[in-house]
Each structure stands twice: as structure tokens, then as C-alpha cells.
């Protein structure tokens, strides 16, 4: 019985113009384009210089800042206001204003001030930009005092060289962070939403009554809708692995089997979720919107972009409802850190819990008799 | 004043004039008088719906031209759309709006109100009155079709195109609809209607029989029936199934189809075997071939007989 | 041998009684006409018999199964075809046959063999590979009917199978119905074509949810002194109280 | 125009009768403000860290206290050996580990999340540096400082000659560095476009799919009015959402409206018009709802989220994508809203963006009129 239903679903899937294309395009678009776009790295911040001192010290300082690589000098202005106009037009992000006779003040009473005004509309850019600038000025201080610094003070700061070391991703490539999570996103779309949209489509066009009249059982009907998308989902997942390997040379550190196991569990849970939506939505529009609503919540509660730890406490507590969170943790841990099954027990229980909850709810809420 | 202007405006009597109108390998030419009920019948896929869509300016013809109330269907489509009423084959309503709301929307669509033209649809709409507040989606198939009809007839167009308006409607309501169409006709409205029901076709002033985009015949029901060039007999017996097989096998019998409680068979007009082609000579012939208790009478062909005869050619 | 037995079957939607306490039975191999005006409760009653709708009250046995308790079993033993949808339009002709044969448990080998023969009978071998969407309505209905009796059910429910079909194809359809009935399949059919009502062995006419007349066409005509079934139908219409006719 | 009024009423019925969709349409801004406002924060807060400190002298303890006292980090545990770090990172709970050796301070961070890793190490390095700076000055300042084990006393004279340039940092427009400032304009752009473009295109496509469009075309009513009547409800919902977003950002996210409200509202109305026209354009190219949903979903929403600088700075994107983002109306709208709402600037600062948006509106209008099918072809 199920065999014939599956045959029908596959034939209809490949005959429908839009769906097969979407199932193929999505993984590639997600894996290849998305990581290029989604990174927070702050580089080439535009710096406007207002040098009222024009002394050798001030020129040396500007030299050091420009050489730092983080900043590119976008403008040399005469007055603060002139530079402010560029800030307003988003041409430059930070203004470094060097007061007149800076060199004389340093020689005479040892201290001088420079004014840094940073456009902080983007908090990260404003915050990090000014922090980097302050860091470079700090180094410059050490340089201009190198002639008179005592051995101990030098050794004190030299004594402790601080070197960051990044495990699993030494070159801090953003793609390593995003790609595993994106694979999950694609899986969620293909196995979670396509079947649900399919069912709602049949409900809206009325062809669902054809099946209700036949001895096809509830379970067989749902399975005939889910299985094709599960198979397609895992094919898409494998394609994503290959794409990640080819494009970024990214291969899973942990065992592939663990990934496939958790992916299966996640697919079971998420397609159950899709089914629940399909039972409540009567029109395609409704289904689409409900999904959009919940996907948005799940994504942002899952730490896909920024870690859950950053979020305020109430948000962190709320984030346990997102199945995406656990599978993303799994994918990242196994893929990048090579964690094994034993390290990932909590996600395992949570995902199994979700699978039972959603699928149970789906079967209960599925009303075959109108 | 209104009466006067409308008279002189409509000096010419032809409401629709079609010359060599071609659309995906079909071609037709015909004319429809003002205030005439013009029936279009034909098997599914004969091109009836396409013809309707071209005449109501929804589709552009491949070639040829047509005028509705003097307006050209390609150039003056805006004028035509002001004076034409159209009910498509798959007239869908707004399922999430109530019966009354659907009606009001279509009334306003045609710049009128339910109250103003209620008398036009009273006979059909009265069945829907008890469900006024119910959503259109919750109605049964036939009821939906009745609501669609009311929505299409809620305004008084000069020309009305109805594409299979009565499919799925019970016989009594169909009768009422045709009485309403008769009233509209008396008020000078030209009606072009397609229908699968042959009994309805015979109520039209003229009928066009369409197949593969062409008119096989286009004439009054009377003329069509007169053109029937075969003998027609109605045969009754106990076991219809056996009788049907037997008659099909009998030589001289051209065709045999069930017609309600009897079978209609056709024989050649000048057939050698049946010189004196009478009902009882046929009866004795049949009994000889072992079909007892057979009752044979000569009958007048109906439009349906002519339709089936023409199609089988 | 009775294949359908119904006792005071009722269905209420809130305050509206769609089917009001109907009782009747249908013999094996009979062509049973189920007539009624729009909104008289025909489709609702039929849905209850097919296990698509749970009755508010009353009992019924279809193909030996109780309609309240084991509606799933009924579905395996009957065929169903409605005017709106019977086949999947985006599947090819043979794919539809194969699907429904599979669903109703016809063994694969037998299914492929018989589907060839069926297509020959219907003259559809050429259309074997074309999508159902491309078939004219008449052919689609004939194919749908053959598919609905492919698993040789004891009863087949036909909901206005010939709506909008041209006269010639309609008659071919009824010849197929005759053949199926002769083969022992009970035909439960609704229609608005009064000439088709004449083809049935017995006819029931519903008015406002109740069965107002149930007999053979000939006896009904005698009882109502009518020339044909159209007259019978119209005479019954006068009994309707809330102007439903 | 009575017919127009009744049709607008019909469109409202379509939406209001569909309870779920209405709730979601109005709740979306609230959800997005909360999610984006709190979901995406790059601010580091109480990240756990571990320490491996065999020597455990005064300085290392000082460093650890300095880290612990800051609101960024909380000490989780002391490690008996560096190889324990492997297990810590596997479980994914600790942010980074500080490993002291006689010459070096090693900051071991979990590189899987590069962004957090670099921010953590930057903040930690800055804190440690400032601790070392302070302890050096304290030592240089006066003999009383406790003697650091093994270090010779520092001569007093160096303090006097020590020259420092101290940067005085002023953060413009967003002194408290709240990430929400950057998000509100993005949300506004996304929601207004989603509601206008997607909903309009889907509702017109729905009318075609159901077959009712065929009847509407053959009527005295101008097709243009039918489309216009479809726009009104979504225009209203967008205006309501616009107001909700403003209220939420001011009172919940505490992002004040620096510039003129009238200018901001005018700007938003312009953008709503552009999105509505986009919706009409899509609907005239499409026959089925699902295709309209896919096009507005895939081609409008996804790029809008990524290319519009809502979450990721556009500057750090590859050149070709930056060029691609030029064609998105939402990108210009977000820049303009940032200038007016966050930076509080006047009309002069958004002339370019307004010009582009108006230009786009004109082009889309022209194309959709040309493309509009008043027949069933």
C-alpha cells in the first residue's frame, strides 16, 4: 500500500516545476553564498584624521594606526565639523582628532589627550573600533617612552606576552562556524516544511478527500507524505557535506555516523512539527505564515548567529523550546570539535523528546473525518 | 426619455456579429439577434469555453473579428465589459464570505444593488435565503452553483454569456432558471448559453452544435429536428440490457441508444428491408429473431437524437 | 442478499438537520438511484455510508460492516467516484490505475495485466502515457469509473458521475454501469439527469433530508400519475415546505 | 466610488476572517523586535572561563581577580592540567581558558565561533594589559608597593618622565553601545516589505487561482481599481505595524527617535508604496499563490535579511554582493532610517536614498502597468 503512495508522491514531486528546483538550489545558495554574507568580522573601518598638531609625533601615531590593517584612512579633514559630515554620510566611521601642540604638551608635562568620536549606530563596529584604536594608541605610548622605560617595566609588560590560541578553527574562518548550522537549516526546510505545505496544498485543492475515501490509513497517509521528503532531505544533507568539503575543505572532525543519527532524530522531530502546522492551517497562506513565525523564533533562540550565552537570562530559558538549538550544537560540536555521542547526551534527550511531542500531537490533531 | 434614446441607439438588430473568428485551430462565423437565446452545445473540449472567453474580451482571437452590440471585441473591450454579463464554467465564489456578502460584492461590481435587481434572481435566490449568513464555502455543490447564478444575473446586462450555468443543479431549479432566462429575453437581453442538457437546448431560439472549434450546425430546434434524415423508433421491453444487445446486432439498425425507459433505434429512410417502414413490421422482425414482448412505436426525434446523429457522423 | 441496510440515519449540523431519520436497503447487483434537489441531504447521506462522515444517530450496515464502528473496513470493500475529483490530474493514465489498484490491494501482476485489457476496452491505449489533465471530461469519467471498480468492490458509490458530460459519452458510461451491475457490483448513484433515473432498478427521492419516495421508476410514475421521472420529481417538489425546491 | 469601498471592505473581510494570519501579521513586529533586540547580541556577558595556574604567584592571582571582577567573565574552575581543556570545549560550556606559564599567558579560546572567540580574547587581553599597566605604575609610583616576588624595585624617576597619550573616547548616537540601535531600522524595513510585497502578490495570485479574477475582469470596474482595493488593507496593516515598531523600540528597546518623526513617517510611507508596487509586479508575473509566496519569500525576504545590513555589516561582504545589495529597495530604506531615526539628521542627509527609492517606485510602477494582464492570456 505505502509503496504505491510513495511512488505517487515522488512522481508528483518531480513533475511540479517549482519544488525540485527549490530543493536543489536551497542547499547550494545556503552553503555557498550565506557564509560570505554572514560574518561579523570588522575590517577596514574608515578613519577620518583631524591633525591640528602636524608634529613628527602626531604623524608617527597616524602612521602606526594606518599600518594596523584594521583602519583605512578615508579622509584627512581640517576641522571636526568637516569630518562629522562624512560620518553623517556614512563615508567614515571614526574621527581621530589630534589637538594642536600635542608634542609640546607631552615633552613638557608628559600627558596629552586625543579625541576619538566613533559612530556607534552599529554597536559592535563603534565599540570594537574604538577599542582597537585605544589599543594601538597604548602601544604607541610604549614606543615613545622606549628610551626612558626601565628594564622592569619593560620586562613587566614584556614579561607577560599574551598570545591567543584558537582551537579547532585557528584562522577563525567564519565559514567553519556557519556551514554546519546552515546544513541543519536546509534540512529543516526540506523535511519540516515541504511535506506540511504539500498536505495543506491538498487540503486547499480538495484532493485530500480522494484519499479519505480509500482504505488508506491515517499513518500511511502521513508516512507517504514524510518519507519522500526525508529521503530528499538526507540526499540534500549529503550534497551539503560534499559542497562544504569542496568549497571550504571542511570535513567533519567527528564521526559522520553520529551526525546522520542526530540528523535523523531532528528530521523526525521537525517533520512532526510541520505536520502539526499542516493540521491547523486551512490555507497555504496561513501555513506559510505560521511557519515563518515559528522558524524565526527557533532560529533566533538557537544561537545560529550569536551564542545563546549572550542573551539575557529570560531569553536563555526560553531558548530550550527551539529544537534547532540542539541540532546546531550537535552539528558544530561533532563537525568541528569531533565530539562523540557521549558528549551530546542532553541534545539527544531533548531532540527525542521533541520528536515524541510533535509527532504525537500531529497524529492526535489530524482529523480524517470531516 | 430613457426609452427613446435606447431605441435609436440600437438601430441595428444584430446583437453579436462574428466573422471568421479563429482561435487555436477552430473557426466560426455566426450572428445573434437582439433578445435571442442562442444555445451552444457540443462535447467537452469542443471549444465552447474558448469561444465564450474570446467574445467576452478575455482572450484575443488568432484572426477574424467580432462585434458585440457594435463594439469590436479587440479594440473596444472596455465598452463591451460595461454592457456584458459573464458566468464562467468554473464560477468560483469567495468561500470565506457569506452568501449575502458574495451577492452584494457582485452587485456593486456591476454598479447596482441587490435590492434594485432582486426581482431578476428571486426564483433562484429564494432557495439560498435561509442560508444568507452561511459562508459560501459551507454550501453544497448545487447550492454553490445557484449562488454563482444569482451573482451572475444580479445585474441587467445587454448581452449575457452563461457557460454551462446549470451543471449540478436539480431539474426543478433548472426549470426555474430557464423561466428566468425567458423573462430576461422578454426584457430585450441577448443570451448566449452553453449546456450539456439537451432538454434545455431545445428551449433556445437557435442552437449551434459545436465540435473541434467548428459549428456542425446552427439553426432553430425545429429546423434541426426537421433535418433528421433517419427513421426513429422507440422500443420497450422487459430486459433492457438484452434488448440493447439484440437491437445493436439486428441488421438495418444503424444506431441504438437508451433514452430513459425506452431505446431509440435509427434506420435508413429508404432501407430496402423495411419498405413499408412501420413500427409493427419492425416488431414482427424483432420477434422473429427471438426478442419477445417487444413494443415498437415510431417517434418524433428530439434535439438529443439529432445531436447524437450529427456527432456520430 | 442486502448489501446496504440503513435504519433512521440522521445527521445534524448544529440546528440544521441535513439528513432526517432515513431508512432503506439495497439488494446486491441492484442499480440504486439516490435523487434529491440541491441541499436535500443526498451528499451528506452518501458520505455517512462511505464512512466519510460520522452519523449523529441511527444505524447502518454497508457491505456487511457497521458504519458507526468500522468505517475503515467499509472503505476497503467499496469503490467511490465523484464528479469533482476521482483521479490525480498530474499523474498519467496508467499511473492512476496502478495507484488505486495498489491502494485497494490488487496484486501487482494481476493489476498490470488487467489494466492493459481495461485500456483496450476503453480505447485509451494511445492515451496510456498522457496526463489525466489532458483527457476530455467524458473519457476521464469513464476511466475514473473503471478505476473505482478495478478491485471488484461489492458496492460502488457514484456522486453525479455524468455531470456536464455530453449525451453520447453519458450513454456509454451507463452501458458500463449496466455491465458492472450484471457482474454483481451494486451501483449506488446520484444524478440530476432524469433520463438516467429511468435506468435505475429503484430510485429514492429525498426532500428536506427525508426520503419522500422509494420505488422502481415505473411504479413511481404510476403512483404520481407522471409521464416521466421529471414529472415525478416536480410533483414531489410541491411537498417541500421551506421552499428548498 | 461605492464599488471601490465595497471591494476594500471585501479585502478586509478576507484578512480579518482568517484569524491566524491576522494575528501573525500584527504580532510579527513584536516577535521580531524581541528576537532581534535580545536574540542577537554580540555583547559578552558572564562567559565562563577556566584557569591553569601552576605557579599561582601574586601577579597571576591579580590577573584572575581582574578578569573575575569584570561583568564579562566568571571563573568556572581551576584546571589540574591543560589537557582538561579538550574535554571542556567538547561539552561546549566554557568560553576560554587562561594558561599561565613562567613567560607566557596563553588564552585558549574555542575557535568554532570565530566572532565570539576574537571578542573574548580581545576583551581578556585588554583587561590583562590594563592590570599589568596599573601594577607597573603602582610599582613605579612608590616603594610602598609590595615587592613582586623576584623583581628588583623600580626607580622613582621613571614615573615623572613617563609620557602617555590617553585617548578620550566619545561614542556618537549610541553611547550605551546597545546593539538594538542598529536593529530597529532593519526590522522596520523587513516587516514593511514582507507585509506589503508578499501579501499583495499572494492575495492577487489567489484571486487568479480561484478563478474569480475572470469574472472581475469582465465587469465595468477598472482592473486598476481592483488592484488598488487589494492594497488598502495591507497599507493599513503596515501603518499599524510601523507604529507598533516605533512604540516597541522607544519603550522596550529604549532606542529614542533622534530625528523628526514626520520625516521618518514620510520615508516609511514611501517605502510602503515601493513594496506594494513590488507586490503588484510579482502578482502580474505569476499565476499561482505558491509561486508568489516563493518569489517574494526567496527573492525578497532572504536577500533583505542578509544584504540589507540588518544583521551583518554590509562593508564586510564581498564586493559582488555589495553591488547586488544596491538593487534592493530595503537597503536604501534602512540607511535612511538609520540617518533620521538613530542619528537624528535632517532631510539633507537622505536625499540620495529618497531619490533612489522614488526612482525605484516609478520604474516598478511603469513595469507593472506594462505587464498588467487585463486579459486571461
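Labels for the chains are A, B, C and D, by order of writing; each one numbers its residues from 1.
Quick note on the criterion: a residue touches a chain if its C-beta (ideal position, glycine included) is under 8 Å from a C-beta of that chain, and two chains touch if they have at least 3 such contacts.
As the structure is a computational prediction, the values presented were derived from the model and not from experiment.
**Q** Could you run down the chains that neighbour subunit A and subunit D together?
**A** Touching subunit A and subunit D alike: no chains returned.
**Q** With chain centres defined as C-alpha means, what is the inter-centre distance between subunit B and subunit C in Å?
**A** 26
**Q** Centroid of subunit A to centroid of subunit C, CA atoms only: how many Å?
**A** Centre-to-centre distance between subunit A and subunit C: 57 Å.
**Q** Could you please state the distance in Å, as a whole number, between where the Cα atoms of subunit A are centred and where those of subunit B are centred?
**A** Distance between chain centres: 64 Å.
**Q** Using Cα averages as centroids, what's the distance between subunit C and subunit D in whole Å?
**A** 60
**Q** Where in subunit D do residues touch two or more other chains at once?
**A** Within subunit D, residues 18 contact more than one other chain.
**Q** Mind pulling the subunit A residues that touch 2 or more other chains?
**A** none
**Q** List, in ascending order, every residue of subunit C touching at least 2 other chains.
**A** 84
**Q** What graph shape do the protein chains here make by touch: line, ring, star, complete or other?
**A** Graph shape here is a ring: one loop, exactly two partners per chain.
**Q** For this entry, which pairs of chains touch?
**A** A-C, A-D, B-C, B-D
**Q** Subunit C touches which residues of subunit B in the complex?
**A** Residue positions touching the partner: 41-45, 126-127, 129-130, 139-143, 145-146, 164, 167-175, 196-198, 240-241, 244, 257-261, 304, 307-308, 311-312.
**Q** Touching subunit C in the complex: which residues of subunit A?
**A** Residues in contact with subunit C: 1, 3-5, 7-8, 11-12, 15-16, 206-207, 209-210, 212-217, 369-370.
**Q** In their shared complex, at which residues does subunit D touch subunit A?
**A** So the residues of subunit D touching subunit A come out as 18, 20-21, 24-25, 27-28, 31-32, 35-36, 38-47, 59, 85, 89-92, 95, 103-119, 121-122, 124-126, 128-129, 132-133, 135-136, 139-140, 151-152, 154-155, 158, 160-175, 177-179, 181-182, 202, 206, 289-291, 293-294, 297-298, 302, 306-307, 311-313, 315-318, 321, 335, 338-339, 342-343, 345, 349.
**Q** Which of the residues in subunit C come into contact with subunit A in the complex?
**A** Result: residues 50-54, 71-73, 75-76, 80, 82, 84-86, 88, 90-91, 95, 98-105 of subunit C touch subunit A.
**Q** Looking at the complex, which residues from subunit D come into contact with subunit B?
**A** 2-3, 6-7, 10, 13-14, 17-18, 210-212, 214-221, 374-377
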